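As structure tokens, the structure follows; a few thoughts come after it.
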Amino acid sequence: MTVMEQRSAYRPAPPPAWQPRTDPAPLLPDAEPYRVLGTKKAEKADPELLRRLYTQLVLGRRYNVQATALTKQGRLAVYPSSTGQEACEVAAAFCLEERDWLFPSYRDTLAVVARGVDPVEALTLLRGDWHSGYDPYEHRVAPLSTPLATQLPHAVGLAHAARLKGDDVVALAMVGDGGTSEGDFHEALNFAAVWQAPVVFLVQNNGFAISVPLAKQTAAPSLAHKAVGYGIPGRLVDGNDAAAVHEVLSDAVRHARAGGGPTLVEAVTYRIDAHTNADDATRYRDDAEVEVWRAHDPIQLLERELTKRGLLDEDGVAAVREEAEAMAARLRERMNQDAPLDPMDMFAHVYAEPTPQLREQQEQLRAELEAEAEEEEAR
Amino acid sequence: MTTVALKPATMAQALTRALRDAMAADPAVHVLGEDVGTLGGVFRITDGLAKEFGDDRCMDTPLAEAGILGAAVGMAMYGLRPVVEMQFDAFAYPAFEQLASHVAKMRNRTRGKMPLPITIRIPYGGGIGGVEHHSDSSEAYYMATPGLHVVTPATVADAYGLLRAAIASDDPVVFLEPKRLYWSKDSWNPDDPQPVEPMGRAVVRRTGTSATLITYGPSVPVCLEAAEAARAEGWDLEVVDLRSLVPFDDETVCASVRRTGRAVVVHEAGSFGGPGGEIAARVTERCFHYLEAPVLRVAGFDIPYPPPMLERYHLPGVDRILDAVARLQWEAES
Amino acid sequence: MTVMEQRSAYRPAPPPAWQPRTDPAPLLPDAEPYRVLGTKKAEKADPELLRRLYTQLVLGRRYNVQATALTKQGRLAVYPSSTGQEACEVAAAFCLEERDWLFPSYRDTLAVVARGVDPVEALTLLRGDWHSGYDPYEHRVAPLSTPLATQLPHAVGLAHAARLKGDDVVALAMVGDGGTSEGDFHEALNFAAVWQAPVVFLVQNNGFAISVPLAKQTAAPSLAHKAVGYGIPGRLVDGNDAAAVHEVLSDAVRHARAGGGPTLVEAVTYRIDAHTNADDATRYRDDAEVEVWRAHDPIQLLERELTKRGLLDEDGVAAVREEAEAMAARLRERMNQDAPLDPMDMFAHVYAEPTPQLREQQEQLRAELEAEAEEEEAR
Amino acid sequence: MTTVALKPATMAQALTRALRDAMAADPAVHVLGEDVGTLGGVFRITDGLAKEFGDDRCMDTPLAEAGILGAAVGMAMYGLRPVVEMQFDAFAYPAFEQLASHVAKMRNRTRGKMPLPITIRIPYGGGIGGVEHHSDSSEAYYMATPGLHVVTPATVADAYGLLRAAIASDDPVVFLEPKRLYWSKDSWNPDDPQPVEPMGRAVVRRTGTSATLITYGPSVPVCLEAAEAARAEGWDLEVVDLRSLVPFDDETVCASVRRTGRAVVVHEAGSFGGPGGEIAARVTERCFHYLEAPVLRVAGFDIPYPPPMLERYHLPGVDRILDAVARLQWEAES
């Protein structure tokens, strides 16, 4: 049976014999975001996993801080920090197998790095030396997508293609609360559902799309409630609870891999920093609100749990911090080196072979640069 | 040598054959779009493909053009060669964001690591009595988007050959099908059809000495007709069929214009901001001292495509082409 | 308070204090399409309304048949028949007040006519003498929209504008099951929900988008289930039950007018004819399926009810049929006259004032036509 | 007569002022877009408007460009005059379908019964170090879409004047804001700012006799600078600022080219299929016998807009303009 045939060829019976195709009840999210840390469930969580998550959260936070600092030094054109959202970022990378694919949005550098991409290559877009710095095939990470939600259909197509080829590959695609309003979000979820493609959609609801609060973005009970409209399960999770996000995403990945189709996961979190270093968040929100969320910090939540379970002590904390500082120092050092730049790259990759027109333009620029160099020399 | 058996065939048949051959040759080729499966497409270009290759190779999709093209991007990322059908020209617009921001840019974005071998088939142009949104000539949009190849056949053999070449290309190709030529017949050798390689070469369809008509797609037969009619006026017109708008074959076009010293660009798309401006400008840049007259344009008017009952007034026809040829300052000669 | 302020400035409380904003339960559609005819509820239905609906249904069917015949005579370029869907078409027009607006899709000529638009002017698009034939402001009917779902955001904008101006105007927008897959559907419903705009979205689920059956279009329990993802009510109704569709739509219109915001209504129906006269439906569906639906014919359902309640007898049926024949004869006669055509119209309405470029082109065409006329005369 | 009090102001300030004055003058004017309310837009062009006129007059919308423009269509149908902000050039692409199939066509579709007075403000072009999708020059797309006006200011006074005229127009206007000129200052009379009427007129920014630079938007200051630099080479260049791409002011442009006999078109948008082709072609059609050399083009390369660190190689600068001027076949003169 082909994949398309696997879906029963449903047509509505005439209304007198109407039956809904799918039972909507199991598709609806829980009334509350799922949590693990601070609950009984945490006691059963794998200590090794928790420690790994913790380390990566701390590294991630430090990376955010370092990258933001690099914008001030002019070493990055712009940086959208994910401080406060590290649990989502890290879990999104950790829930996947090697062969799986990650489709990050422009804010998800941390997830990209957590998946194994070189931390400097991951910053290429934001440094501005090229549009994307890493080979997407090396770690199976699509380029950071700036146009919001447009990468979601890519994830669906890739997952479907993998399934057609017989590979048990899952794609995880990340999008913000604001991005859920785009038509591409809708089309992607619908395609995924109809094709039963192995995709997990992770919405990081961080409360804002730049300055626009969620209440002006949607009137839905939750973003996870959108799932039922596609006939797929919607899950709501505390996005600052790394163990919970990891569990929910891992379940969704397993479900997808087993042929169960896509899942929509809404992680409720908060953007602690401004939209980017260029943004002034005081124009649209109170510090008091930020403080409330600071008290629900993903690192602290996990640290508390680990400490309580005796899996982490002061030395452990210090060791992780040290590792983070070392990472930041390396990043700083490498980013302080000028990116190698070749203007001829502009023409090299537009097509498999430059068109005659591009060759002409390339020659024009080459001549200009040579003339410039000669002039410099003459001076 | 075997004798070549030419048979009459329609452009639609050649396109279907090209898809079939491509799918048979390469399991990575997947066709997707609205109604391409069981129905075989509203123009029946994908007729029989789902039956022969299965629903997964020729897929009916949900009705969402951005979703279709976006999914094709993902499929191409995973090594497939998607061939997307947009049902009509204007219904490709919802996919514009995917086309401009991803399809055209992914190779460049990733320094060549992630090429997207996607063919986007778009039936385009008027002349079939379609109601609004069914007759647009939108090639200007695609030409102005670096990263895309833009090709369009005017003959049955080219329909086959260009489509095979487009599907074989490692770059995205916007493949514009002149829908009013779907049922045009000409002689073709279906036993040994050949891809057109390389894409990007224009062809002189008719040699002449007085002036060059530069054209493509649905306007090629009109220009050939005009060239015939022009003989009565004493003009011997050359007709160049561009076939590929991107890349542009300056060599063939300029060689012709340098020979004839006069040129008219003919297309259905609107004049202002249309392909003709680019073509006239680049020919003039390259052939200025050979030109006896400015390169003129015969194009659609700068209006939304008119309703069926008025389209005959809009479409460039033989008379309008001959009027333009007459304005090529022949008096200067004598 | 401004409209935007009226929506409480919701932001998710930190997950420990999470609360869904809206209770999803009342937003979910019933498990079965709502029906009136053949049930007890029919007994309470207003006889006058039922009779008016019946007449219009019969007229509508006859109009479909006549228009399809006109395509064969070359008098129409194309006609998408709504045979089988007349209950939806007519109810969509009848549920509105004079001051309300209708946003039809390309298949909805019947709704346009039922709202009072001249039956010939309603066919302009499909005859091909112009793109739209009626003054949208005369009966507050937007032009038939060919690009699917694109008219839905228009309805939202108009309804919102009316509300901002203080007018209690409702907009009803029609779309097909296929159209629900488009991004514009999603964006329109979301905008309407966030703005609480007085819009009713009517999806006619007629089982197909040209050849593509619903099962390849969506995996949702029903299309009405999409509503909850926007935080608006979804209603499922038997689309062949004119009384039910009218009631559900009227409720939704009332709800919208009262400031309750938008509703998504899915009417389950069936496209009895091919997609258009140019389509060959035997390529993708069995006659047997069509027969099942013929047995659930909207006209018959209503006729049975009216007869049972003694509101219609054989003479009554004959009288309505006669009215329909007279209408068809008038339509035939008027459509057999050639549409007045002026090629100069092509330039007249592109801008408020033709640009100098358009004036030049217009003069060119005028000269061509004059030369042609002279040549004709000379012959 | 009162003395005109000229003050320095930025283009951003003039745009904000134009919006404010338009909103104060006409309650039908509504501003909508992403982040235009509380934040005042990412470029702060709508700063203070929500506060002064309320959230219903200056609305933050959900994040969906097709929805924004589509809703604006509906608002215009009901008699409002929506002013839409697209956050960046490339983020207008998701709204392309609404723009091409409805905004541009509704008046024509309804024989003038349903005009759509919508202004679509789009910050466009590069030069501000933006990452991909933040620096596109997409005017070619809009020029090729009949039914739209396309205007773009290059001075502070024009920014005010054109925006007032655009909002007052009963037709849809694509209002392209050269984002790297937002903070450019020039002298302006804020006490008596005037709309530019009629839209559609170019203006000679600098008179000269040797050749004409035809340009618009962000390239106007570059051309003025080039004209200054050209004096050292003995060239006295005229600079025409088009201001309006649609309609196109053939009169002013051709009068200039007929005077100078030579022309270069300068813009940031890509060359192939870009505005320059149209401009060069129409100037050549109209001024052929006045031309000493072909009309040349200095434009962006035909590549996806490059990353911040490379954009200086891409953008047409003074040297590249002077190189083109030098290629205008001066030897023929002597």
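Labels for the chains are A, B, C and D, by order of writing; each one numbers its residues from 1.
Everything that follows uses one rule, which is that a contact is a pair of C-beta atoms (placed from the backbone, for glycine too) under 8 Å apart; a residue touches a chain by one contact, two chains touch by 3 or more.
In this text the structure is predicted, and so the values were computed from the model without any measurement.
Each chain gets a centre from the mean of its Cα atoms; the one farthest from the centre of chain D is C. Across the structure, the highest number of inter-chain C-beta contacts is found for A-C. Distance between chain A and chain D, defined via averaged C-alpha coordinates, is recorded as 36 Å. Our note on geometry: chain A versus chain C, Cα centroid distance of 40 Å, whole angstroms.
Centroids built from CA atoms put chain D at 31 Å from chain B.
Under the contact definition stated at the top, the residues of chain C that touch 2 or more other chains are 4, 130-131, 147, 181-184, 186-187, 190, 194, 216-218, 345, 350, 355, 357. Residues of chain B in contact with two or more other chains: 60-62, 64, 66-67, 90, 93-94, 97, 101, 105, 108-109, 132-133, 146-147, 246, 248, 272, 302-304.
Listing the residues of chain A that touch chain B in their complex gives 2-5, 130-132, 135-137, 142-143, 147, 150, 152-162, 164-165, 171, 183-184, 186-188, 190-191, 194, 345, 348-352, 355-357.
By the touch criterion given at the top, residues 66, 90, 93-94, 96-97, 100-101, 104-105, 108-109, 132-133, 140-141, 143-144, 146-147, 246, 248, 269-270, 272-282, 284-285, 288, 291, 293-297, 302-304 of chain B touch chain D in their complex. Here chain A touches chain D in the complex through residues 77-78, 125-131, 146-148, 178-179, 181-184, 209-212, 216-218, 283-284, 339, 341, 343, 345-347, 350, 355, 357-358, 361, 365, 368-369, 372, going by the rule given at the top.
The residues of chain B lying in touch with chain C in their complex are 34-35, 37-40, 42, 60-67, 90-91, 93-94, 129-134, 271-272, 301-304, 306-310, 313-314, 319-320, 323. Residues of chain B touching chain A in their complex: 30, 54-56, 59-62, 64, 66-67, 69-80, 82, 94, 97-98, 101-102, 105-115, 146-147, 149, 169-171, 200, 246-248, 250-251.
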